[in-house]
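Here the chain labels run A, B, C and D in written order, and each chain numbers its own residues starting at 1.
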Amino acid sequence: MTPVTEKKDLSLLAKGHGLPLACFAVVAFATPFLLSGNRYFAFVAGVTMIHILWASGMNLLYGYTGLMPLMFAGLAGISAYTVVGLTASGWSFWLALPVGALAASISGIILGLPSLRLKGFYFTLCSLVIQTVVTLGFIYFSGLTNGDTGISQIPLPSMGGGQPLSGLAYDLVLSAAAVIGVIVLIVIVKSTLGRRLIAIREDDELAGMLGINVTGYKMIAFFIGSLFAGVGGALYAPYIGFISPRSFDVLISMNIWLMVAFGGRGTIWGPVIGAILLAPLSFLLQEYYTVKDILYGLLIIAVIVLMPAGIAGGFLRKKKESAPPLDVPATPRGAK
Amino acid sequence: MTHRKSLLAVLATATLASAGIGHAQEKPPVKIGFVTELTGAWSFFGTSCVAGLKMAEKTLNPPGKRKIEFVIADDQTSPAQAVAASRSLDVQDKVLALSGPTSSDTGLAVYGYAEQNKVPFVVPVAAFPQLTKPGTRYTFRLEPDAVGWGYAISKFVEKQKPGGKIAMIYSDYALMRAITAGIKYQAPRSGLKIVADIAFPQGSNDATVQAAQILAATPDFVMVSGAGGFDNTITNQLLDLGIKPEQIIHPFGITTQVMNWGKRSVGSYYGTFFDSNLDSLTPEGKTFVEEFTAQYDRPPSYGENFCYVTANVIREVIDANPEAADDREKFRDAMSALKTKEKTSGIPIEFDKNGARMEYMYFLQMKEVTAKTYKAKQAFYIEWDPEVIPVYTLVK
Amino acid sequence: MSDANLIIFLSTISTGLILGSIFALVAVGVTIVYGSIWMPNAANGQFFVLAALLGWTMTVSWGIHPAIAAILVIGVSVPLSYGLEYILVRRFYDVPNRNISYFVLSLGITQILTGIFAATYGRWSDQFQLPPLVSGITFIGPLPVANNRLMVLALALSILAALFALLRYHRYGRAIRAVFQNRDAAALRGVNVKASYSLSFALGNAVIFAGGILFALAYSFDLTVAWTMSITAFAIMIIGGPGSVLGAVIVGMVFGFTQAAVSTVASPTIAAFSYLGAMLLILLFKPSGLFAR
Amino acid sequence: MNDILLDVKAVSKRFGGVAALKGIDLVQHRGETLGMIGPNGSGKTTFVNVISGHTKPNSGTVSFDGRSVSGTNPFQIAKAGLTRTYQAVRVFGELTVRENVATALVDARDAASQEAVAEIADWLRITHRFDKPAGSLTLMEQRQVELLMRLVQKPKLMMLDEPVGGLSSAEVRTMIGVLSELKGRCTIFVIEHTMKVIRELADKVVVLMAGEKLAEGPPAQILADQRVIDKYLGTADA
């Protein structure tokens, strides 16, 4: 009868994620080995891992904080360009990565400022325009970014001993990044920080009234979410070997967001599933290129019509509805 | 430009090809990966290129020769997809070489993959200089580089009007920036003056004001190069304001563009590397133009031609060097040593140490536009060594 | 003022007007749909291009006169809108946070249209041009202006004026505006809210189609225009205040003039940055838009 | 009762050209229940918005618990111990009651203990709804959840904006009972149209009229005040 405490709540929910997390980690680390015979499928899996990381970051912002930042890919791009620039001037990739990720985070905070004044979808439209400006910036400041030509032959990061990080080793690094990203997200969501963010998502005015520093926590969400974008962007550049403004344009932002919406915003695993299903799609549908966009569009519409809360959301909601009522009879108390 | 095997290669074309016949039939086909733009912003160029390739495929595999098979993959006009497609073709299909992209950024993306993974890469149409930058080993490009086009335009203007004034109006794309870099470098050396330099951001719609600025600068020639539909908008708005067609130079003109410039542009000039109106078309070139026109309802341009020629070049190299059909290094060496001519126009093809071609450009003047075709007349032709100007330092 | 400067000045004005009125049309279409059914239609750019492409097919392939083609194209938008409304849009009328659902939906439509365009028109050309409505040149002072451009401008302004009259004076228009302001209150006052929804959806799209076909008559275009136009229309709507038709018109005009004018003193790229920058400033300091209702 | 909890001096607020509040002065002592009445649009909610930091006043100062809170953010004011409810009930509808409470606890200055939460929930008779999404509850239950979320934060002052709005008459009676017990837990500031609530709860009543303070005093005196009757009670829905 006693209200469940924060702590009990935490352990209960953490337990709820323990098994899927273990499964995910096993799959994530096993995949590169299983696919090591085929560099192409391994590559597609690697790109998917980066998207899982990105989707988790987007999920923190969109799913848990209620902000829909369509400049997410732009932030990844800021990090990627920073890292490529720094490594070209002699930095080690592993030193450049945190700097790039930090650059993305700081940019995320600055570009996220409109979210303090703009609510809901208004901010989304604004971020769409911000993304456009960022893309224009990548093209315009060609001294730093090489414009729309892009930068090719990005060297692979080196491992210890001067060996380049390639093949299986790189894939494992990406798997680790995805797994760590998901773990970080779980920890955040289960912490009081997560509770504050959810409160802001649900009703930021009410959250402020309850003593939650809405401005501060939105900025923290942007900082962390952009960090996901940044780490992903930094790892993406040498993995693909090429970056250009088109690698981080609005369509990529929308794609990442779609993975979250498709999988189920505000759930840990929905966006992971979304990324696993959608990220490889464009690689695997290669032969159906004429109808690929159409199929993709139909898929989007089908999901929004049939499962508006995403795959995980649709599944969870059904489960919730079919669960027996949790009502406990009220303690009888004397009437006044 | 001299290579150990160049002589051998030429001889091989004529003599050694027949030697391989006996074995060829038992061997699996030689696969060439063709990564190109079938969807996305550049899909027209990719599709046109494939159309040229298909024309070549009709006669590419006569009985008795080792079969060459092109595996076509869509890169969605996205560099990341281009890399993925290259990897897929390399790993899954085990292609001998890559080819295909028609845009600079997808081209550079494939270039990075090819050079890093030692896969020969034959570029039909992508003009960005960095594709053949010093140190390039596996990449060979048929199209002259865009900085060179700028050089050629300056040379053309120098000949038309010594001491002339050039204005430049173009979309802010890598390709256009490269062209203007070449003009800017060469113009003073050719005694020309640049009087206006206007770049439009991607996604611009209207050029009237800028056309008025051009008009105010009273140039002798205007170099016009917009992206997509905007190219035509700029051209029309310049003409609207009273710039004469004879003053307009388009750095490149493909069939749909020339048709869209239309009757009012008759008299204007455009650069090209192959055109149905060339005087120098070979009999095979004429057949190519006729058959292509019959099938696609428009004459082919240089894009289709380069893709057509690419297939023929690969045929020629494999015929001359049967051992190159199954060995990437040998194929690379054979490409590097190649000394041949475009079957359609007779223009020589040979590559320098970086895989850049001995370059050339035609300038044609529009003479007539009809419903389905157009007439143009050769006004200027120039050949140059790819490094006659410092292309690789002008554009990074 | 020298002749050359006068030409630059006059061309800035004419460009600002034409570009501005087309931007205004599209933004008005978007804002009508957003204001009434909360649908941020990301496919507006694709609709815009669809109109232009249909116009191209009718004039270039079938040889129909551009004026008739323009009317046909706008006519085609009506059954298309009602069809879409019937199959998809109406499912979300009562969904909470439906703007996000609609956004996703419109992204789906965008993808489908992109795919269709790429597989059809995209293979035929990378640029499209319609024959002019009228030929000839008129001199405004020293500036020669193609009559076709003047015609497009006149049509765009007339459509905008007609739209204003419709929304202000006709009962359909008043019903739409009532729903804009408050859906529940409008229902109480006897407005058929659902009917007004489908009407606004159709009207908004018809205006976008009108913008598309007029654009195609004034300029050459290609398939990439779609995204640029989507973003521009959203930016105009945000600055003008969603649902504000007047705001969309004024800000659309300002955008047109900015593109034309800034480039006379700086580069066209700075012009693009400047209006996007203006948007961010407005969002930060007056987030409800300049002409919020 | 000399301990001043809320001290408002000359607060004015304009929206565009309309003056919503014109130089309001107001003092509330610790433990004193203050009722605010006035016709619709007289500025009552704006007043609460200004005090709770949701709206920045054009001029005037607010001090709470001896400290100036003018110009600070709602969350800082909330942390100082001033809480409020909204005219339209406002809970995290998608979250369960339990999660609502947990959210209220995370940033509370000295959050209630487990037992205290249970005690308050039992007192509000909402415990049995703890695992229901708050949005699925009845209006009355949601009002109770609102109170619960505030009380676990141990506020010093609770500002209630029409706490019985929309409730049935039986529920109003229950709510009045709850609110009179609430007086033992924190100081109350209540906006109400229902005079019964004011009469039964308030120690002092302030009448707001077109953004100005029309009258102030004990309920009996105010409700009998001729000016108040003429201008408000006689005309409005009281």
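By definition in this document, a contact is a pair of C-beta atoms (placed from the backbone, for glycine too) under 8 Å apart; a residue touches a chain by one contact, two chains touch by 3 or more.
All of these numbers come straight from a predicted model, not from anything done at the bench.
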Would you mind checking the shortest number of contact hops between chain B and chain D? 2
Take the average of all CA coordinates in chain A, do the same for chain D, and state the distance between these two points in whole angstrom. 40
Chain B-chain C separation of Cα centroids, rounded to whole Å: 37
Averaging over Cα atoms per chain, report the distance between chain A and chain C in Å. 33
Whole-Å separation of chain centres (CA-atom averages), chain C against chain D: 47
Multi-chain touching residues of chain C, meaning two or more other chains, are 115, 118-119, 227, 269, 272
Residue ranges of chain B touching at least 2 other chains are 39, 172, 201
Counting only residues that touch at least 2 other chains, which ones in chain D make the list? none
Every pair of chains that touch: which are they? A-B, A-C, A-D, B-C
For the chain B and chain C complex, residues of the former touching the latter: 39-45, 47, 172, 198-201, 203-206, 208-213, 215-216, 227-233, 236, 240-242, 256-257, 260, 262
Provide the residue numbers of chain B that touch chain A in the complex, in ascending order. 38-39, 73-74, 76-85, 87-88, 90-92, 104-105, 108-109, 111-113, 115-116, 128, 130, 172-174, 177, 201-202, 395-396
Within their complex, chain C touches chain A through residues 40, 88, 91, 95, 97, 99-101, 103-105, 107-116, 118-119, 227, 231, 234-235, 237-238, 242, 269, 272-273, 276-277, 279-280, 283-284, 287
Across the complex, what residues on chain A touch chain C? 68, 113-114, 117-118, 120-122, 124-126, 128-130, 132-133, 136, 140, 250, 254, 258, 261, 290-301, 303-305, 308
Across the complex, what residues on chain C touch chain B? 4-5, 7-8, 11-12, 14-15, 18-19, 115, 118-119, 122-129, 137, 143-146, 149, 215, 219-225, 227-228, 259-261, 263-264, 267-269, 271-272
